[in-house]
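There are two complexes below, and they share chain A, which is joined by chain B in the first and by chain C in the second.
Entry: the complex of A and B
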């Protein structure tokens, strides 16, 4: 008992130091996020002033030879004008945001359904070679995206969906990652649950809905988040499949915004990361569980 | 009628659940991959003639390909061990803290969910030649450094990778740490083991399976840093960060499917051999 108190007492000073250290590192990690949010509240004039390095004639008179971009953390004047401008005066922004939604939402729902059904199939199917099929799923899962681009392109060409979001959406729905994650999660359901339901005369469809689904709530949330984030952040496929600028997802367009639309780039970035960050705040526990499950053999 | 019902019973219901997903998986991944293999052995995409393994020999002669392959391997060799060490260190620190654990995890997970596009302007403002870091360096009298257009670009790539992926690995390590029984440490303390010995023989040894998985996940995620690099520096960045993905993307844009498929095939072989080795390593680590 005495020893316990000693450890706790010693730990608290120690712990404060540790918290300080971890806190500083955490702040460094949050800095890009904080900068983006704070800068989105500046006026467009201030943004242009901070990030333009071309010398004006006034600079030359003042003897300034070179200018650097300035990252400031405190706005001279807090203003929502950037948001106003992006949402009201830039119809392209909402259009491209909608494009991102048109891709990410169907992939998320489709992948969830396919993953749940397939994982249940893998769990209850008793066939001695099913693990070989599952290994193929894992190998495809581990491939970098570039390795599946050619196959994706070939099948899109054959199905005549090349110029269509379906070329991106369909492979996303059938991608093996969700199946893997859901199968891992189903391993944690005690087999006795299945047996009991079977004894009660439940068929597979009933077991799937009444026994499996309620147990998987947080895995389902994690899968939805991970898939949504992945496709919300679509870059490679968009570069390959989408030639029409009006059909691009926002991710690719944002990278070019710095040139012509510098004044509103931060508010656009903030609006774009709002959904994933909101999901993280809502479902941090679930996401952590999802990441842990991806590591459980 | 009766026959149909009997037949229906013979199909295992597990297979019926799997079927739609499996069908899609074969249609969108396996089958087109097999079809694409054909390109690797012909000289041009349309009406090509069979050339055997010539494409493979040519590929390894190609300077851009060799550069891309060497660069991505070098990037993995630097960034993955660094990320593993840092995330393990951080997990050990956070594990000792009792309060605000969730808040810290949140801070480190945030970069993972932020879309790459949202950060492009920030990274550019930080690292470009007229960027904020150079402004600071000039002010303190060091002078300008060409971060994105010199060998230092690799460093920038490593920094962005660690920023984005530290949280993911940290969560894996935290889970691994929470699975180590506490009595192990108590027993070690009773036996008079030093903290370093306890770390090496308990923490490190018990985390071996987690470490192998962190390694696998890190390698998968190391391919994904291409998103940021591509958005910041475009199709033809500085030589030190021209990766295999740049090469494959550019081959795709120039419609050179035979070369691209050959590169894909080699990549698939590398990944398969690598995963096999890692999974074997993992089995040994868990045993």
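Entry: the complex of A and C
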């Protein structure tokens, strides 16, 4: 979400109100992130104390009859022990992180290639039914994930890839969202560029590679980030398709971690967030420009 | 043999939309042909068909006597300057100009030699390392021209290349274009909706309307001998005045009767109008062929001065002449002397008579 704040007048009441509102909204958005980071720096004992509601014998001796979960923003003692536990004592974490990469990376590259080539076809080539087919793409794009999961499951079963990453990767690669985003961005390239290159003697591959691609850097970066984050965070598809828990992505594991791994859940979450957050910060401008170019707001 | 020849060329888009209708045109070597007309008249479509960017629905296109309807545009030996210049934003000026040559696998030293030569001619040597977005409109126009010139094509197509420039720059580049045409010794086909641009640049002017060629002539011809009412009205700024008239005999001459006013035509004009006596016609007169007097003159018409548009050396005087609206061009210094009521005299030799029904010049 991009909020354009127009400064009305220095120090005006209107400006102060607006800035206050923006500050509150930003705080609401930031709070979970801050809590996760702060809690990842607490000791396992402190985490357990803060988030366990079961009464211990010590509590009973102390006369405590009821306990609530507490959210603390300042650790009693700053410690990296959680990170130590996750990275060195829990080999499963790195294995599952690798599983996440095995899904998110191929989907990102595959979706990018399919989206770019399809968008080029939809934009540059003149053929009879392209608008109708593009409308079908948009309709498919508007369908919620839950609606396409069942057909995806049936097709994966038919292709004997049900318990395989391919059952998640293939629908991701051919997702209509990428095609839509790229086509909208390509439409902003004036047709004269294609025509000038064509008259200069360029074939379609040369036009695509040397004229179109360099002008779509921001949109490509935006698509990569959006697809990567989507598939880095996927839960539903993995729960449905992956039976073997050693093959499940980190996102699924994290969603279950609170059940018995409370002591390390915050550091694991921080490490899990690091990659997409780093991408996002690195390519924030490209993301904004890419989405702006595509006309998707 | 003409350099380029279009024979009965038509372009019909889906939905039976006729963009160009049965166009025939011969373009000689080293011609500077200007296709001019209002928006949607088919001039750009014609240019794009010549470039090979649009398929020809029917008719033939010949280049040096060879039919090239199906020849890919890259093989036509034609270079084009686009309206928005189409300079690739991610490439430097040098790379933009070199792009076509690199695709044709021209040797690197030869590419450099040609670009240096072209850059010197266009005075853009200093701009070669820069990106298009850092250039002004005029500089971009020159780079676009350079990209076409460097290919050493025989025919240059220019699609409204001055339309994005401000008026002063347009005048300057217009003059430069004339110079390039002379230096390059090539055939130029230029599209514009601006009749002044067409008159200044073209050695041959093709006036188009609704996909049909209205007249092909020299600038002098289209201005002084417009074939029909459309050409008469489109060419010339301010546009020609039109008055409904009836042709009558006046002794051995013909006179045009416009309401209560009469205008006796010259013996040369009268000679060709005998068969139209008694018929309704349209009389056309250019603003510069109307003379204004402060006092009554024999044959002059009484008119009321409505608005005076000062344009510098001359002014446009808008008049009401017995219900007819006329625009006259007058020296600005004389306009102040005119009273509210003045006298209008049309120069008989300079009027144009058109058939009322067909609009064709009589």
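Operating definition for what follows: the second predicted complex is superposed on the first by the 271 of 297 C-alpha atoms of A that agree within 3 Å, B and C clash if a C-alpha of one lies under 4 Å from a C-alpha of the other, contacts with A are read in each partner's own complex, and residues count from 1 in each chain.
Note that a contact is a pair of C-beta atoms (placed from the backbone, for glycine too) under 8 Å apart; a residue touches a chain by one contact, two chains touch by 3 or more.
Here the structure is a predicted model, which means the values were calculated and not measured.
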Between chain B and chain C, positioned on chain A by superposition, is the outcome a clash or a fit? fit
Go through the superposed model and pick first if A:201 touches only chain B, second if only chain C, both, or neither. second
Give one of first, second, both or neither to describe whether A:215 is in contact with chain B, with chain C, with both, or with none. second
First (chain B), second (chain C), both or neither: which does A:235 touch? first
Winner on chain A touched-residue count between chain B and chain C: chain B
Please work out whether A:269 is in contact with chain B alone, chain C alone, both, or neither, and reply first, second, both or neither. first
Considering only touches as defined above, state whether A:193 meets chain B (first), chain C (second), both or neither. second
Considering only C-alpha centres, what angle arises at chain A between the directions to chain B and chain C, nearest 10 degrees? 80
Report the closest approach of chain B and chain C over their C-alpha atoms in the superposed model, as a whole number of Å. 11
Please write out, lowest number first, the residues of chain A touched by both chain B and chain C across the two complexes. none
Taking the complex as given, what residues does chain A use to touch chain B? 11, 14-15, 18-19, 21-23, 25-27, 29-30, 32-33, 35-36, 51, 53, 66-71, 114-115, 117-118, 120-127, 133, 136-140, 142-155, 158, 170-171, 173-176, 179, 203-204, 208, 225, 229, 232-233, 235-236, 239-240, 250-255, 257-258, 265-266, 269-270, 272-273, 276-277, 279-281, 284, 287-288, 291-292, 294-295, 297
Partner chain A, residues of chain C touching it in the complex: 51-53, 73-74, 78-80, 82-86, 88-91, 99-100, 103-104, 147, 151
In the complex, chain B touches chain A at residues 12-22, 24-25, 27-33, 35-36, 39, 90, 93-94, 96-100, 102, 104-126, 128, 130-132, 134-135, 138, 163, 166-168, 171-172, 175-176, 209-210, 213-214, 216-217, 220, 223-224, 226-227, 230-232, 244-245, 248-249, 252, 257, 260-261, 264, 267-268, 271-272, 275, 282, 286
List the residues on chain A that touch chain C in their complex, please. 190, 192-193, 195-202, 206, 210-211, 214-215
